[in-house]
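Next up, some structures in structure tokens.
Common to both upcoming complexes is chain A, partnered first by chain B, then by chain C.
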Partner chain A sequence: MLLKFSLYACALLVLVSALSVPVFLLHASMPFWQAAGISSIWGREWYPYEHLYGLLPAITGTLWSIFIALLIAIPCGICAAITASELLPRHLAEKARIGMEVLAGIPSIVYGLIGLWVLLPFLQAVFDMLTGHSLLAAGLMLSLMILPTIMLMSMDALQQVTREQREAGQSLGLDWSTQLTRVLMPQAWPGMRSGILLALGRALGETMAVMLVVGSLDRLPQPFYNILQPAQTLTSRIGREIGEAAFGSIHFSALMAAGLMLAMMGLTISLLGKR
Partner chain B sequence: MKAVIVLFALPALILPVACLGYILWQGLPALNWQVFSGQGMSGFAQEHGLYGQVAGSLLLMLGATVIAAPVALALALFTRLYLKQRLQTYVTTLLHLLQGIPPIVYGLCGLILFVHLLHWGISLLAGQVILAVIILPVLVLNSLHALERIPGEQTEAACSLGLNNGQLIRRVWLPAAWPAMLTGLLLGMARALSETAPILFTATVFSGVVWPDSLFSPVTSLQTHIFYLAQEGANSQVVGVAWGAAVILIALILLFSAGALWLRRVQYRHRRMSG
Partner chain C sequence: MNLNRSLPCTPMESGANKIVSAQPSLCLCNVSLQLDGHAILGEISLHMPQTGITALIGPSGAGKSTLLRCINRLHDGWQGSIELGGQSVRETDVDSLRRQIGLIAQKPAVFPCSIRDNVIFGLPNQQRKSVSDESIRQVLEQAALWREVETRLNDDADTLSVGQQQRLCLARALMLEPSFLLLDEPTSALDPRSRDMIEHSLQSIASQIPLLWVTHDLEQAKRISERVIFICDGRLIEQADASDFFSRPERMESREFLRWNVCDCD
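Right, the complex of A and B next:
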């Protein structure tokens, strides 16, 4: 009886707190939506001291950095998974997996150090930039951070293709590349896809590393494909400004609105992953 | 085709290892007893040593685990005991959705609720609860997975012997599922150690605290300390301390995640031999 009661109580507690997260965000960002209106989502200017709260630069920055990260991490991660699980001998593949699992555990702030003190000087030298702070830097950092996720999930997916399937392919006389594209990839794709979506969610919410390298400048890329200039993402804006925004002010509420947008994007991505 | 794939895989296989190597190369020389204890050290951020930060990180992580573990266990048991199959899938979906929300958003919610509305201020407890919420979905999903792997025959046999729910849990479920649950717990602890953004503005300060007086006083932590040091990149001594702190942090995280990997390996071997 006591057991049943306490289990029910715990479950109720979790359910209530889960549901209260979006309610909280909505409630806390309400003053902002009322003051600035929904149109501030595509407003281009963000100057909290002049009460201009356009979210578009941060949203664009988030999308750009994720796009760059995926553009690099998907092909590299999947190819690495294929190499590890199909080409390397078994004991080397296991070592590669352990290495990747270790790397998946390195905290984002340490990647941030690498970005700040290795990547930025490198970009500065190569592209002749002022400091190296840029969307490109953020995208490169993110790609490094989500690589282990994509590779590990893809490797799992490839190794779950049954031996019968492989043998059937071989007995048909398929060569290696046909076997890969016609037998292995179609079978493993659902697993790879959920790995990619997981990585996408991680890239979306990544704060520290991005915050250190993106430059935190609220400006739309000019022209829109210019990824070599400092920019801002939703996460870096929250991280940079939440400390200085007074509780209860419109600025604070605007940052909550940025958090709400992040949460909605994250939820959309995990809903996509459920299918 | 093989060549192209290996070519794409190379950066994914080499770069992460190079990163880890670089961190160690930079951080290990900077580490000695003085940097850790602060004896005889002077200068920006060095006179207190790093042990306060290590203690803060561990306190945050332990608190989060102590809060999250019982709730996670209770929720998993509740789901398996009392919910129908359909509702069980709803629970896992909900947990996946919660996992999809970026950690910094939980930080924002915690900032409003704990720091401002409940007047805890920037405090150890706020950080612990926020981290607990962040690792909760992982813990529950892992426990659920472990419970699902228990063969139905065992549960049925236990029930037909007339065991009540409490006995069923204590005598059948927990003995079979605890290694997998512990694996999940260790992974959750590693995760709690590596999260930085959500505690940056809710639990930690830069300096002035070595050992928190109570649950309601702010702490320092390795993660956020690295972040603050990263902004002082012009000072080469500070850079050294930052890399040293990064190595300590990674070592702590690896302690937990390597434990988890080892446990998983043992279980895998065990299952393969018995099944």
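Right, the complex of A and C next:
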């Protein structure tokens, strides 16, 4: 009786805290929505001193950087996982796994520093850019950071396919590539997808590393696919300015609104992942 | 003691010196296998007729499953020679070898797709698209499953009971028109009714192709088999016609096994 009661109590606690996040964000950003209006979501200018709080460049920057990160990390991570779990000998696969676990455990600021030191000069040299700060830099940075998650979860998913299933496929005389595409992948895919969603969540919320390489310039890419330009993301906007904004000011409230946008993007991702 | 070293690798009966058939369908000669440094199979030589059911019996851990897995090369590290239809399995491409040899495992492993897709799972891509409903019906009938799934071919295969799944695995193997079937205790996880259905359908299949059927159930072996191969502790003890084996086994180990279901072969 007591046990069941405490279980319900815990579940209720989780539910309340989950619901309180958007409610709290909505409440904190209310002054901003009232002052600047919903139209600032697609406003292009962000000058707090002139009361311009356009969120579009940061939203675009966030979407672009995630997109680049996934575009690189999903195929690389899944292919590496297939290689490690299906082709490499067991002991090498375990070494690869340990390596990835180490990479996954490195704090993001360290990635940011490495990005500053290696990635920016590299991009600067290759694309003849001013500094290397760009959406591409942020995307590459993020892809490196989420690669371990995708690879580890994909390896786990592949290794969950039972020996019986594998041997059933082999006994039918399926060759290796058919076995991969028709036996292994269909069964490992749900696990891989969870890995991708987890990684997506991390990429969405990543602040420090992105802040150091993205350039923090509020401009829409010109033309829209120009990822070599410095830009802004929602997280780096919040991280950079929350210290300067006076508590309770419109500026402060606008940053809360940026937080709300992030939370909603995260929610959308989870909902998409459910299907 | 090694009983098999003196056995000739020709289709000769070990005791009675009578010829089983002009050409054996399967012929093993001195097959040995070590896994992780342990000898699992020791110099097994045996042969099988062109059709009919051969029961492979022996206590659990004797190496029966391992022997089947050597034949379709899921284990590939064995020494000796295995010939199927006169050709060494080592010289055949491993994928086409496995298409020739159907293997039914102890635990049915259906794939997470529809019943229909499971039946045609082993076919190459083009054939999967062009396969006729009639041929799907035929193999399902052969596997004694048609009447139960007739109306629900597009349902998920894992909605079937274990017994039905096992028959689905059989249909899936038959779809490839194998020239040989290996069965690893195919009925040990099943209820008596499913067991009877599988036994019945396999007996009619056995009139066309040879079946090597692992079972630990001596009653079943008596019911179904024409020949018996008895192995214990990775070694062949006796191979004989079923009627001879069950009425007057030659070796002491066989007599013990028939009486007490234990084997002490060292």
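As a convention for this text, the second predicted complex is superposed on the first by the 251 of 275 C-alpha atoms of A that agree within 3 Å, B and C clash if a C-alpha of one lies under 4 Å from a C-alpha of the other, contacts with A are read in each partner's own complex, and residues count from 1 in each chain.
What we mean here is this: a residue touches a chain if its C-beta (ideal position, glycine included) is under 8 Å from a C-beta of that chain, and two chains touch if they have at least 3 such contacts.
Source: prediction; values computed, not measured.
In the superposition on chain A, contact of A:W117 is made with chain B only, not with chain C. Once chain A of one complex is fitted onto chain A of the other, the partner contacts of A:T207 are limited to chain B, with no touch recorded for chain C. After overlaying the two complexes on the shared chain, residue contacts for A:G99 are found with chain B alone; chain C is out of touch. Using the contact criterion defined above for the overlaid structures, shared-chain residue A:P186 touches chain C, although it does not reach chain B. Looking at the shared chain after the overlay, A:G173 reaches chain C, while chain B stays out of its contact range. Set against each other, chain B and chain C touch different numbers of residues in chain A, with B touching more. In the superposition on chain A, contact of A:A125 is made with neither chain B nor chain C. Chain contact summary for the complex, chain A toward chain B: residues 3-4, 6-8, 10-11, 13-15, 17-18, 20-21, 24-25, 28, 75-77, 79-80, 82-84, 87, 96, 98-103, 105-114, 116-118, 144, 147-148, 151, 176-177, 180, 201, 204-208, 211-212, 235, 238-239, 242-243, 247, 255-256, 259, 262-263, 266-267, 269-271, 273-274.
Against chain A, the residues of chain B that register as touching in their complex are 1-2, 4-9, 11-13, 15-17, 19-20, 22-23, 70-71, 74-75, 77-79, 81-82, 93-94, 96-106, 108-109, 111-113, 116, 133, 136, 140, 165-166, 169, 190, 193-197, 200-201, 223-224, 226-227, 230, 233, 239, 242-243, 246, 249-250, 253-254, 257-258, 261. Those residues of chain C whose C-beta lies close enough to touch chain A in the complex are 72, 74, 95-103, 105, 107, 109-113, 121-122, 169, 172-173, 176. On the chain A side of its complex with chain C, the touching residues are 162, 164-165, 167-175, 182-183, 186-187.
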